[in-house]
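Both of the next two complexes hold subunit A, though its partner changes from subunit B to subunit C.
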Partner chain A sequence: MDFAYTTEQENLRQEVQAFISENVTEEIRTEIEQFGSRQNRGSLTSGLYKKISDMGWIGISWPKEYGGQGGSRIDQYIVEEEFSRIGVQVGGAGSGAPAILAAGTEEQKKYFLPGMISGDISFALGFTEPQGGADLAGLQCRAVRDGDDFVINGQKMYTTAAHYATHVYLMARTDPDAPKHKGISIFLIPMDTPGITVRPLWTIQNEPKAPHKTTYGDDRTNETFFENVRIPASAMLGEENQGWYVGAMGLNLDRVGASRYLLSVRRDEDIINWTKENSLGNYQLTDDPSVTDRLADLWIDGQVCRLMTLRSMSMVERGETFTYEGSAEKIWAPEHGVRTTESVSQMLGLYGQLLNGSEDNIEDGVFAHNLMGAFQSGINHGSVQVMKDQVSRRGLGLPRG
Partner chain B sequence: MDVLPNEEEQMIRNSAREFFETECPTSLVREMEKSDKGYSEELWSKMSEVGWLSLAIPESYGGSGFGMTTLGIVMSETGRVLAPVPFHSTMTASLAISDFGSDKQKQDILPLVADGNQILTWAFSEEDPRYLPETITTSGELKGDQLVINGTKMFVDNFEASDQVIIVCRTSTEDDPRDGITVCIADTNNSAFTSVPLTTIAKDKQSRVEIRNLSVSKDSIIGEIGKGWPLVSDMLNKSTALLCAQLVGAARKDSEIAIDYAKNRTAFGRPIAAFQSVSHMCADMTIWVDGCELLTFEALWKMDQDLPYSIEVSQAKSFCNEKCLATARTSQVIHGGMGFMMEFDLHLWYRRIAAWTMRLGTTYEHRKKIASALIAHDGPVRLGMNLEAVNI
Partner chain C sequence: MDPCIVCGTEIDLDAARSTTGQTTHGADEVDPNAGTRSFYNGEWYYFCGLQCRNNFLAAPANYVS
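Moving on to the complex of A and B:
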């Protein structure tokens, strides 16, 4: 066992920290606050991404021939961790990149991966459908072969990035007669293909918009309609009817990493550091034993999130495959995130309800918005309940109901 | 960074598992609950033959010189089978001697421990059961070359079975309760000791030990007179981390018994594991014990690296207290009525895990220590940082 970073890794962390303090200026911070780090990037933020990309820190663990650095997954974790803490996503988590690396053709890898690194290509995930999310394999969106093309008809839900992404990572049914897991294929489709319509769905983080750094602070997601969308067969990722396995593998790897872990635990650090510096009138929270006991409890749970993530990273680094460890992380971290935000609301009491823009709010209402966001992480990208099924079946070999 | 056991660690784990599963059936655990001594001399001597007792003793004193991580791996395996041997108390005391004893003390004691010829224990707790210096009222008075000790020690582990006991006493009362603490080692067969057995849920051997005018030579003092607290604090931390390892092993096994049972027990025409209410409990147990294991081994690893580890120990114990007990309780729930019948083995784990959660620091004590460190730390805190404990 080795719980330490190497000297090179410690140096990398310092380098990233120095880069951040030098390049992430007050102006950029303000712009990120205003626009968020992901969508509709402001010009300063775009410039920052370019610089980060030039440093070789995006897709650091991806192979060199596709624009990566061929670095270790731990290196990527370090870079992600530092940038996540200032609310900038660089890791490519949820990007579908692991699936493209594993199942893509040479042409696809050469096209998509460098584009994802430069920021010219981004994906919206097209998995969930109106009739079901947990039962993903039951999806009904159809892709029908027509000569060298496929024609797609159907509807996808919660395609959060669809209004700014360049591509959609779509799961569709290519063989309706096969057993449900064996008739699915994956397509990488440009969003500007005719026949794709995006309709906004506004979340509870809208009006007022959540401040930057909120856990699941997206004010908008989408439903996306596909009406006779014609794409060449070369848009398929992996083999026909093998999409379930390609997608499941990619999801498993996308679920782990620094950004997932920090999504759930930054709250612990934030509330502890806030109580160290602030009081509510005469009420000094750090003098209240019921509060400090809870703070320590949350801190310990947060350490478990960190260690579970490092376990996943260690396994990836060893070239081992998860049976349940990625799912375990995706259970513990969201459940912990909920415990934290709910505890924080009881620590702050009446102030805990004040949203962004409100008079007298605390830290732009981030703790109030977190209360509306944290439980979402136990629903999105594979719910906690589905993850528990995976731990039971894949990890423990328990039978299906 | 690779938080999984390396090849050597896996080998040691595998061979310890094979040894303890072969040598320590539950029948032995049950037999020892009823015996006067409370431990199996046969198992103890086999442990010494295989080298488990000498594992963490320095090579210069007849041991193999492995660190805390390795000792923790083996301790986990003893916890897995609930081995009825005074391994934890002997290791706690021998580590203190190894880390803080004089060369003569080490020469006199450690080779005997390594050979299985010396069982050790330690006496810290008194009427106030917290692990704080102010709870120590047992007095030590220097009279010429002798230290004369009077007081009452509580919850002493395996006192009857032990050859020697480390005693924590107070030789002076100062403003800071950490000052004036003295540690010494004494033969347990001295007539100054009266041991009164306690009846515990683990059915292990703990006693209240009354000490009346125990006179030991000044040479028996470990470290310096009046300056024993750092030694005690270190001993308690290491002992706590090892107890966590023991808890992890026991809770893991307890969860595996339940998972196995859920696969085989049928109700409503199917294995109960096919019901999500049961399978999700199985997933929870697994994740909880994983968390306990990661926290525990990070603490043990930090000890081997000479990094600050006190907060990591508190994190591990606090989490183990809650989650190992929750695991044992969940295992009981999955088993239904049979799980708490005396003739069924499962309660052997539940009762011990429950008892161990109360030893060496409650959840509240450890969280208090963590909270103090978080608040006292100058500047913002960040998960994964090295955090110094306050007042140790």
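Moving on to the complex of A and C:
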């Protein structure tokens, strides 16, 4: 067993690092600070993304006929890791791409995947509803067939990207009489379809605004309403009434990626670097064994997920059956985030809890905003509790809890 | 004006429905301060805010037959 990268992979990493040195100017870094790391980009960052796309570094592992490189997941991970360090996400986490690749028609793959690589197409996820919480299968949003069309009525909560996405990846009930998991279908719908309305929901990170380096620092999410939204039947992803299985498979594959692990690493690296370079008055944190021991614990904890992430990617690459591994990562990453942010809060004391704009805050309050943001990451994209149920049943063979 | 089905507060439905702008890719946006709504059993219901909607969704039978 060899955990080392190959020479080609190390060369790719150096190539990406050289690209970043050459192309990511101070102006672009300032714009990234302004817009944050997600797909809601300014013009300079959009230009950078285009260059990254032209290098063939977006969707490396996707098939060539859909704009990818037919390359390896590990190569993709290396690219994601390097760009994550400057706050640019290139991994397509939460993009819906795995489900489109697995269940889409040829026409859907040829339309959506190249557009996602170029940055011209992006998705908001329309899964959660206000009454459902983590019980996704209890959704009420209806899609009723009308000739060659479907007419959709309902609403979705926490459609975070809805105000800048081009499309929504929507789960709706197509058979209200079927058992709740069996009457659901998925639709890929342009956001400018008549009848779609977006209502902003401001988050805890909005007032004051979380600084850029905050992980899970989105200041806005949305609820999105669908009122008599008419779409062609060809907008359906996968077969009618099979949406639960398509969606679950897509979410599971979507969790195989570096983004959550890398966000955790950024949080860990930020506090480690800060303690090396700063002190709290006369108190030098790195002189305190309780601090250095805790930082070592966090770093070791991080390496566990790194290996879990790489293992998952290797399994997908080899075409092995992949059932619970993404869920295990989705448990680890948010729980590690909470451990990190709580530890940082204890290390920095009251100064570490001052938010952006407060006098005497530390690093624009990033550690305090991280603390506030860490908890929601255990809920979105499949709650930790649901993930634990999947690991216990599918991974350990235990009965349903 | 119609009453919020939960607390009775008057809601300006025209304001709740009216578009205040558009998203980057063309969906209508509405004013978050003008109330919200929910689709339940084939009908849209309007509420003065999220708290009343949450109360409704927790026990809709208390408010509609």
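Following the convention adopted for this analysis, the second predicted complex is superposed on the first by the 398 of 401 C-alpha atoms of A that agree within 3 Å, B and C clash if a C-alpha of one lies under 4 Å from a C-alpha of the other, contacts with A are read in each partner's own complex, and residues count from 1 in each chain.
The rule we apply is simple: contacts are C-beta pairs under 8 Å (C-beta built on N, C-alpha and C of every residue); 3 or more make two chains touch, one makes a residue touch a chain.
Since we're looking at a predicted model, the values are computed, not measured.
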{"item": "Partner chain(s) touched by A:I331 [first = subunit B, second = subunit C, both, neither]", "value": "first"}
{"item": "Partner chain in contact with A:Q140 - subunit B first, subunit C second, else both or neither", "value": "second"}
{"item": "Touched partner set for A:F225, first subunit B, second subunit C, both or neither", "value": "second"}
{"item": "Partner chain(s) touched by A:A4 [first = subunit B, second = subunit C, both, neither]", "value": "first"}
{"item": "Touched partner set for A:N153, first subunit B, second subunit C, both or neither", "value": "second"}
{"item": "Subunit B versus subunit C as contact partner of A:K110, first or second or both or neither", "value": "neither"}
{"item": "Partner chain in contact with A:L398 - subunit B first, subunit C second, else both or neither", "value": "first"}
{"item": "Partner chain(s) touched by A:H181 [first = subunit B, second = subunit C, both, neither]", "value": "neither"}
{"item": "Which partner reaches more residues of subunit A (counting touched residues only), subunit B or subunit C", "value": "B"}
{"item": "Residues of subunit C touching subunit A in the complex", "value": "19, 23-30, 32, 36-40, 42, 44, 53-54, 57-58"}
{"item": "Complex interface listing, subunit B residues touching subunit A", "value": "1-6, 9, 69, 259, 262-263, 270-271, 273-276, 279-280, 282-284, 286-287, 290-291, 294-295, 297-298, 301-302, 305, 315, 318-319, 364, 366-368, 370-372, 374-375, 380-384"}
{"item": "Of subunit A, residues touching subunit B in the complex", "value": "1-6, 9, 74, 265, 268-269, 272-273, 276, 286, 289, 292-293, 295-297, 299-308, 310-311, 313-315, 317-318, 324, 328, 331-332, 385, 388-389, 391-393, 395-401"}
{"item": "Contacting residues of subunit A [partner subunit C, same complex]", "value": "40, 130-131, 140-142, 153-155, 162-166, 190-192, 196-202, 223-225, 227"}
